[in-house]
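What follows is chain A paired twice: with chain B in the first complex and chain C in the second.
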Partner chain A sequence: MRLRTREALEGYSFSTPAFLLLFLVLFFPFAYVIYISFFEKIFGYEPVFSGLKNYLLIISDPIFKYSLYISTLYTVVAVIFKLILGLAFAILFAQEFRGRTVVRTVAVIPWGIPLFVVAALFFWFFDYNLGLANAILKALFGVKLFWLGPDWVIPSIIYVNVWKGIPFFMVNFLGALQTIPRSLYEAAEIDGASAWQRFRHITIPGIKYVMLIVCLLSTIWTFGEFDTIFFLTRGGPGYLTHIVPIYIYHQAFSNFSVGTAAAASVISVPIFLALISIILWALRR
Partner chain B sequence: MSGEPKKVDRRNFLYAGLGAVALVAIGVAAYNAMNPSVVTQTVTTSVPTTSVVTTTVPTTTATTVTTATTITTTTGVQKPKLTVLFMSTYAPAINDWLTARTLVWASKRGVDVEISTASYMEIKPKILTGVETGNPPDLVFGGGDLVALLAEDPKARHIEPVDDVYKELGEDDMVEKLVKWYTIDGKKYAVDLALHANQVHLIKSFVTEVGRKPEELDTWDDYIEFAKEVKRRHPDKYPLGFTLGKCYDGTETWYLTWWPHGGEMCTGRSSTAVKFDSPESRENLQRIINWYNDGLINPQMLQADEMLNNNAYLTRSAAFIIEGPTPYYAAVTRNPELAGDTILKVPPKGPKGRFTWGSQWPLYTFSASKNKELAKDLMIFLMKDKAEYKKMILSGLLAVGPIYKSLIEELANDKNVGHLYSVYKDSIPIVTFYSYPLSEPTKAMDTVQANYLVADLFSMTLIDKKDVDTAVKTVGDQIKEIFRRTYGQ
Partner chain C sequence: MGFKEVNKLKRSTSLLIKKILIYVSAVIVFLWTALPLYWMVTTAFRPEKEIYEGLVIPKQLSLNAISAIFGFGEEYITVGSTITPYIINSTYISIIVMVISTILGVSGGYALARIRFPGKDILSSLSLFAYVFPTVVIMVPIFYLFSMWKLVNSPTGLILALLSHTLPYTLWMLRGFFQTIPIDIEEAAFIDGCNRIKTIIRIVFPLSTPGIVATATYAFILAWNNVLFPLILISRTDLQVVSIGILNYMKADFVPWDRLMAASFIATLPPTLLFFAIQRYIVAGLTAGAVKR
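And then the complex of A and B:
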């Protein structure tokens, strides 16, 4: 009994520093966000308790509803494209061909570029007058597009995210593909399985768990992404790319309202978790 | 493997305990590092160095640093450290001047300075979080639309009055409007580094091409007629380089076209004093929509980006823009041919007169600052020596004008640059701020401006396809609500 107590104490004493650290950097800020969401709190002013007022304000704000919609759309579409293209590139680069190492290395470069650099690159890439995108379009088809204008801005920001994110999917899938025994494919081939059947019944099950984790991580990162979109569009034109993090930023630093920014953060958590659950459920199937 | 329970090693307890202690120690050390023991410094001009610090603080002839009594001669004294946050302007020479003069001051006073710069977008979050955590920078340049927010309410007055700075600099010689803009309840809370007034950047070759002379363009009707003529000749151009996005310059587009046509924001500090929802607002919005639909404004201008109008001018894809002349600075430094083909003029006149937007470039310090007296001393150092100050103005290549009336007069009469700087002399009577006609700093209008609410009019009508009435009413109601929330009426 005494030994058990000592063992328990030992366990607690080991875990306490880590727990304290975790509490300080994770739980405390989150708890504070929940706490402050019940207060009317303007920067520089003392908080005044306001009950659920901030939540009611946020829920009734059509821009917040749109932010949730556009964040979800942006995340889902971007993750689907990254999944498909990442897998396609992984299968392609898993083949033996001359210069494979060089191509693989080059393909990973976008993943290594910091977000703000990506944003700066694409800011100029999409520029109507000076951008490379329009230079190419003009040379090929004699037209120019307003890439970051109202009609094209959403596909444009999704394109940037996909461009940046594909290598992450590709590298992970490439690693997973190499763990699938070659003999499985050979046996399937002998049994007369088509390429699609081999892909469907060997490749996909073989990388299923990696796929699950990669999609999960990418969903979390994409939903919470701020830098690239803020730099490229600042949530505009109008509110077209006003994703949830930008909405929260504007509540805090344009509206100066820390309380409503906190309420918006808290409200978005269950929605975010629901999105993750749906993706996990879909992938498990 | 034995089934015997594992014996607990006492050393493990010790390690765990040490780990916890180390964690606490790191926390305490980090806290102390962020909150050094030197707590106050006051600057005087003539008293010799106090006995407490004479042996360790570098003495200067002009300034004495008196520290708290916790500092002793035996433990050594930290030099006071001034944290300075500068907005990076689009005229880098001005920032270079600021940095250089700050370092000269620091060297003369025996003070350490930590200078950081932030873009217009970054500076507000930095200031606000500094205020919120009780650790604001000692001196700020920029964040002009935060001054009323942080100084108007007596319950949350975070900015330190600088009336003594004005006294030193000579308030009588300053442009009154700029002084008034920082005066709240009879006290002054910031001092403008310079006058940054919007000017028309008119590309002369477009004007001559349509058979006109720059001096003939005076009213809004003149300019629009000119723009339409340019469009007829160059269907690929968008002659009006006006930003319509939800950003600072988007609001400038609204105000610069609205005021001359009778637009007014507020006459007092209550929701009933808000005058936004008016026929003038509807007419002005319809006017801008028509320009957009006529192809005079590039659809790209709906993006929230302050650089778009600058780029439109620098690439000659617009015939003119109206902006604080930092694009002109860029042209002089990067495209002299364009600069030579540009004339700076005060903005067009409308039926209700001529107005220009006066951006705020303020210097201020905070009540919570441990070095506020040093910060004020730096403000005086930067601005009192008019010969040095003039160098900063000239280095800006017309990007800014001086805040001193005497210096504006001097520059406007200069035989070399007078013809250029007279535009600032002409600007003084027409400089207008976003709370016009109240024209006083108000926390509610700071919030309206920080939200770029008036720029929503463009996206509501041009993107969301709402009608003009709905857009003006929606924005008007939002402005009233902000006033109601701020002033309780």
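And then the complex of A and C:
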């Protein structure tokens, strides 16, 4: 019994510094954002309790509705593309071919590059007159696109996110593919299973938990991602790329309305919590 | 031609098709990834006037842009026109963040992995939640509270804010690394009369050095790459970090493309090289639970 108590004391003394700091910089601010979302609060003025007013305000704000819509669209489409292309890349690198190591190393680079550099890089890549993207399009099809103009900006930001995000999917899938025993494929081949059947009944079940975790993590991070879109478009042109994180930023730092910015932050929390709970479940299983 | 030969021919054609398919896909994958990177690197290393000629392949190389962003050969040097102060600030802030989150992460992560105490499972889940949670959710209260606490425009404030992102990560990853050390070795040390601290220093540290180094490195990368906290907490140019330095280049009415790409290239070297050094451990850490059965 005394040993148990001693061990518990050790546990608390080892973990207290970390969690005390986290309380200060994370858990308390998190509680505070919920608290302040029930107050009418402008920078420089005293907060006034206003109940659910902030929530009603942003829910009736057409820009916020659009933000939710465009964030969801952006996230869902980007994650689907990353899933498909990441899996395709992983299957390619599971094959043996000459130059595999070089191509694989290059394919992983986008994961290592900071988001702000990815943004700067594509800002230049997409430039209408001098960018490489239009030079290639012009040489191949004789057309040029306003990549960050109203017509193409949404596909373009999805393209940037997919380009940056594929290696995370690919590397995790490649790791999972290697855990599938080769003998399973050989047995299936002898039994006359087609390539599609092998993919459907051996590959997919073999990596499904990794797929689940990777997709959920990517969904959360894509939905909460601020950097590239802020750098590339600042939410524009107009409000076209005004995703939820940009909406929060503008409410707080352009309109100085802390209350509505807090309400907008809190509204997406239940979705994140649900997704993370599924990840925890999949990790524990 | 007999039945056997036909089958053999079929097999070799399908193998050939497979081979062609593999090489064509490899070329596509290579171009898809490399073209934007090629564009950054070549722009960083070509003379300024060539950029406006619209050439895809550079005629000559030049170090002008790289030396210009460090302030060489410039007539007027003001704070903010060179990248040097940004790089210095980013480096020392990221190092401090790395050191604090590693020390606290090692002690906390060890407790979560090895010591039995009430509330441990909740704290473990909490650190995963905290790591995965998007930082935009606490953007508003961090700015608001840090203004009250006089932590705006202060390196201390930025370091504290960055810790909210890196510390959950080091806690969760190190917990995972410590769990992979066979518990028998530690128990043997206990029986031999080592106390907890001695066991950690003599047994646990040497066995988990790669994991600790990799986790510390990634904490550095996370701090270096962060945009949100310096954006909202730092407005003084002399305190600013490299991510916002890049943003300032992009905000100009006439973007100096060669310098923007040179600065981006320099800013991406430390995190990217470090990332490749530790990539193996990072991947294993995050989805380990799902891969092993």
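One rule holds for everything that comes next: the second predicted complex is superposed on the first by the 244 of 285 C-alpha atoms of A that agree within 3 Å, B and C clash if a C-alpha of one lies under 4 Å from a C-alpha of the other, contacts with A are read in each partner's own complex, and residues count from 1 in each chain.
The rule we apply is simple: a contact is a pair of C-beta atoms (placed from the backbone, for glycine too) under 8 Å apart; a residue touches a chain by one contact, two chains touch by 3 or more.
Treat the numbers as computed from the prediction; the structure is a model and nothing was measured.
Trainee: If you stack the two complexes on chain A, which partner ends up touching A:253: first (chain B), second (chain C), both, or neither?
Mentor: both
Trainee: On the A-aligned overlay, A:7 touches which partner chain: chain B = first, chain C = second, or both, or neither?
Mentor: Once the two structures are laid over each other on A, A:7 reaches both partners.
Trainee: With both complexes overlaid on chain A, does A:156 touch chain B (first), chain C (second), both or neither?
Mentor: In the superposition, A:156 touches no partner, neither chain B nor chain C.
Trainee: Using the superposition on chain A described above, determine whether A:218 touches chain B (first), chain C (second), both, or neither.
Mentor: Neither chain B nor chain C is touched by A:218.
Trainee: Is A:17 touching the first partner chain B, the second partner chain C, both, or neither of them?
Mentor: It touches chain B and chain C both.
Trainee: Between chain B and chain C, which one contacts more residues of chain A in the superposed model?
Mentor: Touched residues of chain A are more numerous for C.
Trainee: So, does A:240 touch the first partner chain B, the second partner chain C, both, or neither?
Mentor: first
Trainee: Touch check for A:203: first (chain B), second (chain C), both, or neither?
Mentor: In the superposition, A:203 contacts neither chain B nor chain C.
Trainee: Who does A:95 touch here: chain B (first), chain C (second), both, or neither?
Mentor: Second partner only, chain C.
Trainee: Contacts for A:227 in the overlay, against chain B (first) and chain C (second): which applies, first, second, both or neither?
Mentor: It touches chain C, and chain B stays clear.
Trainee: Jot down the residues of chain A that show up as touching in both complexes, chain B in one and chain C in the other.
Mentor: 7, 9-10, 14, 17, 21, 127, 129-130, 252-253, 258
Trainee: Would you tell me which residues of chain A are touching chain B in their complex?
Mentor: 3, 6-7, 9-10, 13-14, 16-17, 20-21, 42-46, 127-130, 146, 148-150, 233-240, 250, 252-256, 258
Trainee: Which residues of chain C touch chain A in their complex?
Mentor: Those residues of chain C that touch chain A are 19, 22-23, 25-26, 29-30, 32-40, 43, 51-52, 54, 56, 104-105, 107-108, 110-112, 115-118, 120, 123, 125-130, 132-145, 160-161, 163-164, 167-168, 171, 196, 224-225, 227-228, 231-232, 243, 246-247, 249-250, 255, 257, 260-261, 263-264, 267-268, 271-272, 275-276, 279, 283-284, 286-287, 289-293.
Trainee: Within the complex, which stretch of chain B touches chain A?
Mentor: Contacts found on chain B: 5-8, 12-13, 16-17, 19-20, 23, 121, 124-125, 128, 131-132, 149-150, 153, 155-156, 158, 245-247, 298-300, 302-305, 311-312, 315, 317, 447, 450-452, 456, 458-460, 462-464.
Trainee: Which bits of chain A are touching chain C when the two form their complex?
Mentor: My answer: residues 4, 7-12, 14-15, 17-19, 21-22, 24-30, 32-33, 36, 88-89, 92, 95, 97, 99-100, 103, 105-117, 119-125, 127, 129-132, 135-136, 163, 171-172, 175-176, 179, 209-210, 212-214, 217, 220-221, 223-227, 230-231, 244-245, 248-249, 252-253, 258, 261-262, 265-266, 268-269, 272-273, 276, 279-280, 282-285.
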